[in-house]
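What follows is a pair of complexes built around chain A, which joins chain B in one and chain C in the other.
Then we have the complex of A and B:
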């Protein structure tokens, strides 16, 4: 079987480690922890600490034009895609035919709530900040990235919770295999906000401590026609749902399906990377991977350093995997697995081949 | 034609220049939002809704074609809220 190669040629991240791929690689290499004490003047949520993108202010980073109403998640995505397009190793990106695919939870919970509150408390229901409307819908970030950078290919937003980054890879895979785009920028973004922090806080049992929240965006360039040897090749993505509470079984099923679709054997896998979900989900995910691969081949999630980044978590896990692969020549040609699971009942797994041509 | 106060004019100018992301001194009463300040249809709606929100008025969308510059906005608001 000689299917088209789905090459990951480059990536960038705006993360609690800082802006750009180099900052992320360095953060992973040095195992930097990024949690900071929150400034009470700026943040009014339930958290004392969070893993924020350092010094990230949308109008400071992107300028004052076109950013008046832009929310944080959009700013993170526009900045990340700008950084990726500026470097674009091995891919002379034809923007006219480049697609953009972004995983998210709900877009920006803060923008949605702000707009709704404005409508409920204003003099009239329609007396709202209309500039917020494009950002109060969940595809605001992906749309603005395309407008800002002139990406004219298909534009998709996938609301898939924590597995968002893996589901986005699958969508990119289909766009490329069906010839709908010559290249795809694909990944996921999540912002830190008071609204998100409160939602996370109230979604747990009273008093239960949650994970430290993180934020950021990671994006990857995918193409079927790489001009340079790719960083990795996407072999398969499998996703599924579970309604019976069997998280471990759902993760294991996704991994087995991805291995089968990619023609790979579990014993040949170099490393399996769990997403670092908190609580029962994370325990089940690690149990599934330990069962399939043995604990010695199960990686430590980058979430331990950059916090729970929800929709962006799987994309950051892929970024961390590619970071480790840069430093370890022994991975060349080997396969790796990334998994994710969401308390809402979804799971996913991606199978990749690292440094396939080196 | 109804005339609005200098205070209201200043306020309108600040609101409009904020939406258009230009400094107040870059705008004149007759500089045009679209041609001179790069506004698109979305920005024009934002101007209308910002005025409604902050001046507590309701402006019919049918007035949008007159709101091409500050002078036009002063006229429209003046007729609604003298």
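Then we have the complex of A and C:
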């Protein structure tokens, strides 16, 4: 696809496995289930269980300065980007050339609804908490990450459903290839909240049981000029839709296009990672990957351990893939596929080369 | 694809036709006109889109003017399913995209055979639906949320619904949620996707629907004007919130010439920067950096620019900071600098997309839309805002500014082809 190398040099995650890359790798290695019984004093949603980031409280984790009104999704993103920047020996580029790209569904449904609720219940309709305002806009989290870490390059928030983490990689790729950034921190974040849990509950027919909800943030450092051998190379991202109603066909088409763009053959792929979507979308995704790669090379989605993380789900699949690659030298130099699909009609696939020999 | 043609910064005429990007179709739904023809008439006449807000109950607000799209009839444009299944912002993006495709003379069957980049910018996504959920929460609790609304809240629907309606399977759908500069982000993203050979056609722009949440937020920040929006005026009192959508159809020059398409304007380049400074207040040096990177990307010098379409919200904070940044980049000699928000209100994520449509029409028809409601220019702004009356002008290069909360700046540079 391109002569330039799109290197993934490092990553971090704040997830139901805990904080940081090591906690995530350990969780994947040990196949830890993270669902917990929800504290009814703290949470008022329809769910009894969820996969929460353990002990995550914004002000405890980030301190009291500048966090008074900060919502959970922003806290998760600021904590993850902070951890990634602290560990990133490789990110020796000026912050003016460092871009930040974050996938989301709606920002924070809770903050958005809370702002209007404040308007509807206050003494005057405009007596709302001003500190909440930036967080009731979808780019609030990415903007705060920029402020906290001085990231002055392109700053983008994008919504592309469950494939958002893969589409974000494509956005990062374009920023790098066009020279708009020398390095990109790229990923996605999703918070658990009462509002999100209720919205998810009502979005299913007759309140049918759905997957356990999870939350967290995963971010990856990308650059075209890695100083050390990267963890992986992004070879291609391909997106499509099932506007024709054919979910399985859409996933398969995305995978084939990613393979073709990356110059890879299906039979050489080490593993294909589905996103663990619920319902018809998830079934179609598995069927497409089984058809292309055979069931033995189709991985188990990390969503089985950390729950449905919506906008962050594809980023967590990438984190899980890199976790498995850390533990298995046989993957070195081989390609892997990550797919995702959304009930809104979209699908995407990414092709990576793991631990490329450099 | 190779990576030799990907960095711009060269003058457009020196780029290969496959790396030049042109605008060949316009879709516009605004408070001053629907469709390119009516919108052009509105821009030329300096029409005001202001009316009392009807989108939500304004009881208790001391001021409640806005710029709504009245008599919006999405069912005339949305044919695949009931338009009512989409949120209002998605309705706007879908109808504007379909209009852009028609305006470009592109048959939809032919479009289905092409690789399409769909990038739609927004501030609020389906926040109007979210307002309704908030009202349910207050009256009956979240147990009473409407399932239909719950299913369509995700902001990705603004772009994914375009693909659904036009039945495009070979499309990348991205909603850029970078608030009030998002339309420019979306156009820039399409520009890169086309230049890199990732797509054949790009449908890019922005859409937002008037909602209580945004109005209340701006009201709380003391930035809602009592009557009209008067950018760069010494007596300006703030913004008026608005709504609508602008979508442009873009393709490479090679593609446009091959099919004999009408070309409104060329996208010469764009720039992005982030203030990393304050959640809601703009920062001058970062805006300057954004404008410089856009001009560099476009391969033009400041003296080549004939017109700036400013972000120009009509707040003191924005207008003074932005005009200082412009004077900084233009070394005290800025070209004429207008604010379309005087006519359209602040249409949020649609704002810079509607402005890009307006700039394309200004280039095509040779005129500068005015900054209306203007009485006396603020001496702190020191720009010629083309007050109240449009003027004829041969425009070769136009700079379109978009600034946003979270310090998300995006500037697009358009040129005459």
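As a working rule, the second predicted complex is superposed on the first by the 351 of 358 C-alpha atoms of A that agree within 3 Å, B and C clash if a C-alpha of one lies under 4 Å from a C-alpha of the other, contacts with A are read in each partner's own complex, and residues count from 1 in each chain.
Convention: a contact is a pair of C-beta atoms (placed from the backbone, for glycine too) under 8 Å apart; a residue touches a chain by one contact, two chains touch by 3 or more.
As the structure is a prediction and not an experimental result, all values here were calculated from the model.
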* To do: Could you tell me whether chain B and chain C fit or clash when both sit on chain A in the superposition?
  => fit
* Given the touch rule stated above, what does A:113 touch, chain B (first), chain C (second), both, or neither? -> second
* To do: Figure out whether A:229 sits in contact with chain B (first) or chain C (second), or with both, or with neither.
  => neither
* For A:263, decide between first (touching chain B), second (touching chain C), both and neither. => neither
* To do: Put down the vertex angle at chain A formed with chain B and chain C, C-alpha centres only, nearest 10°.
  => 60
* Just chain B (first), just chain C (second), both, or neither: which does A:333 touch? -> neither
* Count the residues of chain A touched by chain B and by chain C, then name the partner with the higher count. => C
* To do: Could you look at A:199 and tell me whether it touches chain B, chain C, both or neither (first, second, both, neither)?
  => second
* Asked: Which holds for A:128: it touches chain B only (first), chain C only (second), both, or neither?
  -> both
* Once the structures are superposed on A, label A:64 by its partner contacts, choosing first (chain B), second (chain C), both or neither. => first
* Tell me, in angstrom, the smallest C-alpha to C-alpha distance between chain B and chain C in the overlaid model? -> 5
* Structure fact -> chain A positions within both the chain B interface and the chain C interface are 124, 126-128, 130, 134
* Asked: In their shared complex, at which residues does chain C touch chain A?
  -> 1-3, 6-8, 59-61, 122-127, 130-131, 133-135, 137-138, 142-143, 145-147, 150-151, 153-161, 163-164, 166-179, 185, 189, 192-193, 195-196, 198, 212-213, 216-217, 219-221, 271-280, 286, 289, 293, 404-408
* Asked: Taking the complex as given, what residues does chain B use to touch chain A?
  -> 18-19, 21, 42, 45-46, 48-50, 52-53, 56, 58
* chain A residues within the chain B interface of the complex -> 64-69, 122-124, 126-131, 134
* **chain A residues touching chain C - in the complex, by the definition given at the top** => 1-4, 44-46, 95-96, 99-100, 104-107, 109, 112-121, 124-128, 130, 133-134, 136-140, 142-144, 146-147, 149-161, 164, 167, 170-171, 174, 177-180, 194-195, 198-203, 205, 239-244, 250, 253, 342, 344-346, 348
